[in-house]
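Okay, got some structures for you below.
Note that subunit A is present in both complexes that follow, paired respectively with subunit B and with subunit C.
Now for the complex of A and B:
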C-alpha cells in the first residue's frame, strides 16, 4: 500500500512540470511549430494551397529557386543589406552611447541628445519608409541640400537608380536600427566599474587605450549578443524595402523576403514561395543555433 | 392539471419547431465577399442589399467586406479550400487563376434559363468559353491635362496623336522648375503602371498585345509603344523616379502642378479636386498612332462579379447578380462609386451634373473598354515581368526590341 502511494507520488512529481509547461507548449506548437511544418510540407507539393489534391513534388521547387539567378541576387543583396546594417548599427550605436555616457558633455545637452538619438526607434517601418522616400526623392530635401553644397551636380534618383537603390535602402535601415545598439551599449557602459578606469589613469593609459583594453572587452558580451540578434532580424526585413523600392529598380534591391513575397502573392506560386521561405528559415536557424551556443558558453 | 399542461406545452414546442424549421427553409443567406463596401459611402452597399432582400423575400445577404488586397488573398484561399462565398467581387486579373481552380460557376446556363438580355451588359468575361464575370462598374483611364501648364507652355491644341503628345510633353517640361510633361509610375510594388500607363497606348489605337490567345509582345504594336515611351524618356519629359513611383505619387505630382499630363482613373477626379480645388484640368482620350481613325480602346479597371462554383445557392446568387446588373440598380451603384456602368442602358447621375464626368462619359461612349490583362494567368506577375524589362530599357540597358523579346520569353513561360 505504502509502495503504491510512493510510486503514485513519484509519477505525480514527474508529470507536474510537464503540466505546468503544457499551456506554453500548446501555444508554441499551434502558433510556431504547426505553421512551420505546414510551410515545409507545402515546399514539397505541387500547387500547394491552390489545389485541394496537391501532388508530391520532391525537391523540384528547391531546384527551381536555386536555378533562378534572381534568387542568388536576392541572397547577395540580403547579405550586403544585413552585414552593412549590423556593422553600422554597432558603430553608430557605440559612438552615440559613448557620447551619452561621457561626463564632458553638459547634462542638459546630454538629455536632449538622448531623446533625439532614440527618435528613429519610435517610428514604425512604414513611417520610416515614407520619411526616406520623401527625403530621397529626386526633388526631395537631400538632393536640394547636396546640390546647394556642390556635392552633386544633378538630381540623383536614390531609390530609382539601380546603382544607388541598395545603398539608399541600407542607409534608411541603418538610420532606423542603431538606437537598439545605443541603448544596450549605454546600459553596458553604465555597468562598467569606475575602478578599472581609475587604475588605467594611474597607469597613464590614454583615452583610446582605455576604449580598446577596458570598454570594448567589457561590452563584448552585449556586442556579440545584440549583433547576432540584429543579424537575424535584419535578414528578415520586409516592409522598409517593399515600401521604398518594391525590390526594384530592376532587381537591384530584391532581398529574400521580397523575392518570397512576390512568388507567393504576385506569381501565386505558393510551393516555390514555401521553398524560399524554408531557405530563409534554415539560415535563421543556423544563426539562432550559433546564438544559443554562444549564450550557453557564457 | 399536470396532465393537461403537458400536451399543451408539447403542442407549443411543436409549433415553435415548425415555425423555426419553415423559417430556416425559407430564408437563404447569401454570402457576398467584395472590397467595394469600404470604397463606397458608408452604409450605401448595405442599403442596396436591403432593397434586394425586400424585392426577393426569403433571401438574405451577408456582406463580407475588406480592403482590395485582403479580399484578393481571401478569395484565393477560399477557392482552394472550397469555402468561397456564394457571390464574389472579382478583378479581371484574378479570373484565370480562379477558373483554373474550378472555383467560378459558368453563368451561361443561368443566363439562358432566365432569358437574360446579354445585350444590356457592357462586357461578359469568358474563360475557356465559361462566362465567369460581369464588370459591374468600370473605372476608365483617360488622360488628365493640366490646362494652365498647357496654356503657359503654348499647347493650344490638346494632343490626339502620339506625335502631338510628345510635342506637348516637351513644351510642358521645364526640368529646372521641377515641371515635366508626363508621369510614368513603374514601381514593382504595384506594377499596374504597365497596364494603365503603358499598354493603354496600345489599346487606344485599337491594337493588341496578344495574337491568337498568346502574348505577342514582339509584334509591332508593343515594340512601337516601348519605342514611344523611350522617346518620351530620352527627351527628358517624364518626371524622374519612374522605377519606384506609385500611382498615388503620380496623382500627387499632377495635383501639385509638377506634371502636365497623366493617364489616370476617373475615380480620382474628386480626390484631385479635393487636394487642389484651384487645379484647372481637362480630360482627353489616350492619343493614338498617326492616321488611326477607328474606335479607341479605353483602358479600365473594374469591379467584377461572379458566382462560386461551390455555392449551394446558385439560383439565389444569380438573382443577386441580375439585380446588380439591372439598369436602375447599376446606375445607382456606379453613381455612388463615380464609375461607369456595367449595364449599357444605365446612366449615372454624375454625367449630367459634372462637366468632367460628362466629358469622360462621351469618351467612354465613343470608344470601347479595353484591358487585355483581364482573364490572363497570373496577370500581376506578367505586369511585374514586363515592368522589369521596361525599367531596363529606360535605364539604357536594352533596346525596345530586346525589352519586348525578353518580356515575351517570360510571359510564354506562364502560358
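Now for the complex of A and C:
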C-alpha cells in the first residue's frame, strides 16, 4: 500500500515539471518555432501567403536577393550602424560608469546623475525618433546653434540628405542605447574587490595603469556579453530608422529590417521578403550560438 | 588615504565635474527639449534664436490630445494590450519558472538553452509568418492578434527573470509542504507565490514595458485607427500634420509617462528587468 503510494508520488514528481512547462512550451512551439519553419518554407515558394497553392520556387528568391544591389547596401548599412552603435555604446557607457564610480564626487550628486544619465533608455524608439527629428529639423535647434558657433555655414538636412542620413540615425541610436552598458558596467565596477586597487597603490601604480591592468580585465566578461547582445539587438532595429528616414533618401539608410519590411508590405513580395528574413535569422542565430557558447564557457 | 589638496588633485576633481556636466547635457538635453517644446506654441518651437524655456507657456498641445477621442483610444489600446499580455505572461512564466527552479528532469538543460536563444530571434523574421497566420485565422486588426504575438516575445524574458528569482528562494520552504503531504501545486500557491512578489513585480514591469514599446507588430497586424497603439499613434500624427510638433511632443511625453513613473517609483524592479537579458 505504502509502496504503491510512494511510486505514485514519484511518478507525479517526474511528470510535474513537464506539466508546469507545457503552457510555455506550447506557446513557444506554436508561435515561435513553427513560424520559423513556415518562413523558411515561404522562402522556397512562389507567391507565398498570397496564393493558396503556391508552387515550388527553389532558390530563386535567394538569388534575387543576392543579385539586388539594395540588399548589399542594406547589409553594409546594417553593419556600419551596428558596429558604430556598439563601439560608442561601450565607450560612452564605460566613461560614464567610471566617472560615476569615482570617489571624487559626493554620493548625492552621484545618485542624481545616475538617474539622469539613464534617461535615454526610458524612451520608446518611436519617441526617440520623433525627438531627434525635432532636434535635427533644418530649422531646428541643432542647426541654429551650430550656425551661431560658425561650425556649419548653412542649414544641414541631417535626415534627408544622403551624405548625412546614415550618420544621423546612427548618432540617435548611440544616444538611445549607452545606458545598458553604463548600468551593467557600474554594477561590475562595484563588484571589483577593493584590495586589488590597494595592492596596486602600494606598488605605486598610476591611475591609467590601474584602469588597464585591473579595471578593464575585471570587466571583460560583462563587456563581451553585453557587446554581443547589443550587436544582435541593434542589428534588428526597425522603428528608429523607419520613423526618422524610412530607409531613404535613395536607400542611404536602408538596413536589413527596413529592406525586408518594404519587400513584404510595400511591394507584397512575401516570398522574397521571407528569403531576406531567413538571411537575417541565420546571421542572428550564428551570433546567438556564439553568445551561448561564451556564456557556458564563463 | 588619498592626498586631496595638491593643486593637481584639485584640477582633476574640477575637470571631472566639468565632464560630468557635459555628460548630463548629452544625456538630458534632448529630453528637456521634448518637454519644453510640448509647452510651446507651434510657432515658438522654431523661433530664432531658439527659446530654452517656453516664452509663452501653453497647455494647448495637451488639450488637443486629451480632447480628441481618437488619440485617447491609442492610449486605451496600449494600456489594455500591455495589461492583458502582462497578466498572461506572468502567470505562464511563473509556472515554467517553478518547473525549472524546483525540479530536475530530462531535457532541462536544452530547454533552458532554447529559451535563452529565443530572446535573440529577430522580430522581422516572425513578422511574415505571423501576418500569414493572423490573416488566415481572421484575427487581423484585433486585440487577440496583438496579445498572442506579444506573448511570444515577452515569455522567454519573463521565464528567465522568474527562474532567476525563484532560484534565490530557499528550497526548504516548499519542501516543508511536501513533507506535510501537500502537492507541488499547493506549495507553489501557498508558499512560493506570496514570497515571490518582488520577482513577480519586476517581471510584470519588464513585460509591460516590452509591450508598451512594441512597434513592428502593431504597425503590421492592425489597420483601423481605433486599433492602433500609442507608438503607431505618434507616427500617424507625424504623417497627418507634419508640422504639429508641439502635439507630437505632448503625445510623446504622455506616452513616456508609464515608463518614467515606474522608473522613478520602482527603480530597483525596473533595473532588475532591464539588465536581466544581459546577466543570464
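Here is the rule we use: the second predicted complex is superposed on the first by the 275 of 298 C-alpha atoms of A that agree within 3 Å, B and C clash if a C-alpha of one lies under 4 Å from a C-alpha of the other, contacts with A are read in each partner's own complex, and residues count from 1 in each chain.
Definition applied: a residue touches a chain if its C-beta (ideal position, glycine included) is under 8 Å from a C-beta of that chain, and two chains touch if they have at least 3 such contacts.
These figures come from a predicted structure and were not determined experimentally.
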Task: For A:243, select first, second, both or neither according to whether it touches subunit B, subunit C, the two together, or no partner.
output: both
- request: Kindly classify A:265 by the partners it touches after superposition: subunit B alone (first), subunit C alone (second), both, or neither?
  value: both
Message: One more residue to check, A:278. First (subunit B), second (subunit C), both or neither?
response: second
Task: Identify the partner contact of A:160: answer first if only subunit B is touched, second if only subunit C is, both if each is, neither if none is.
output: first
Query: In the superposed arrangement, does subunit B or subunit C reach more residues of subunit A?
result: C
Message: A:137 in the overlay: touching subunit B, subunit C, both, or neither? Say first, second, both or neither.
response: both
Message: Per the contact definition in the header, classify A:46: touching subunit B only (first), subunit C only (second), both, or neither.
response: neither
Task: Answer with first, second, both or neither: which of subunit B and subunit C does A:251 touch in the superposed model?
output: first
Task: Considering only touches as defined above, state whether A:227 meets subunit B (first), subunit C (second), both or neither.
output: neither
Message: Output the subunit A positions appearing in both contact lists, the one against subunit B and the one against subunit C.
response: 49, 133, 137, 139, 242-243, 265
Query: Which residues, counting only subunit B, touch subunit A once they are in their complex?
result: 73, 76-77, 79-82, 97, 101, 178, 186-191, 240-245, 258, 378, 380-381, 384, 387-388, 391-392, 395, 397
Statement: The answer for subunit A against subunit C in the complex is residues 12-14, 16-21, 23-25, 27-28, 31-32, 34-36, 38-39, 42, 48-49, 95-96, 99, 102-105, 109, 113, 115-127, 130-135, 137, 139-141, 144-145, 148, 175, 180, 183-184, 187, 222, 225-226, 229, 232-233, 235-236, 238-239, 242-243, 256-257, 260-261, 264-265, 270, 273-274, 277-278, 280-281, 284-285, 287-289, 291-292, 295
Message: Could you list, by residue number, the parts of subunit A that touch subunit B in their complex?
response: 49-52, 133, 137-139, 155, 157, 159-162, 165, 242-251, 262, 265-268
Field: Footprint of subunit A on subunit C - complex, ascending
entry: 2, 12-13, 16-17, 19-20, 23-24, 26-28, 30-31, 33-34, 37, 45-46, 48-50, 92-93, 95-96, 98-100, 102-103, 105, 108, 111, 113-118, 120-133, 135, 148-149, 151-152, 155-156, 159, 183-184, 212-213, 215-216, 220, 231, 234-235, 238, 245, 248-249, 252, 255-256, 259-260, 263, 267, 271, 274-275, 277-278, 280
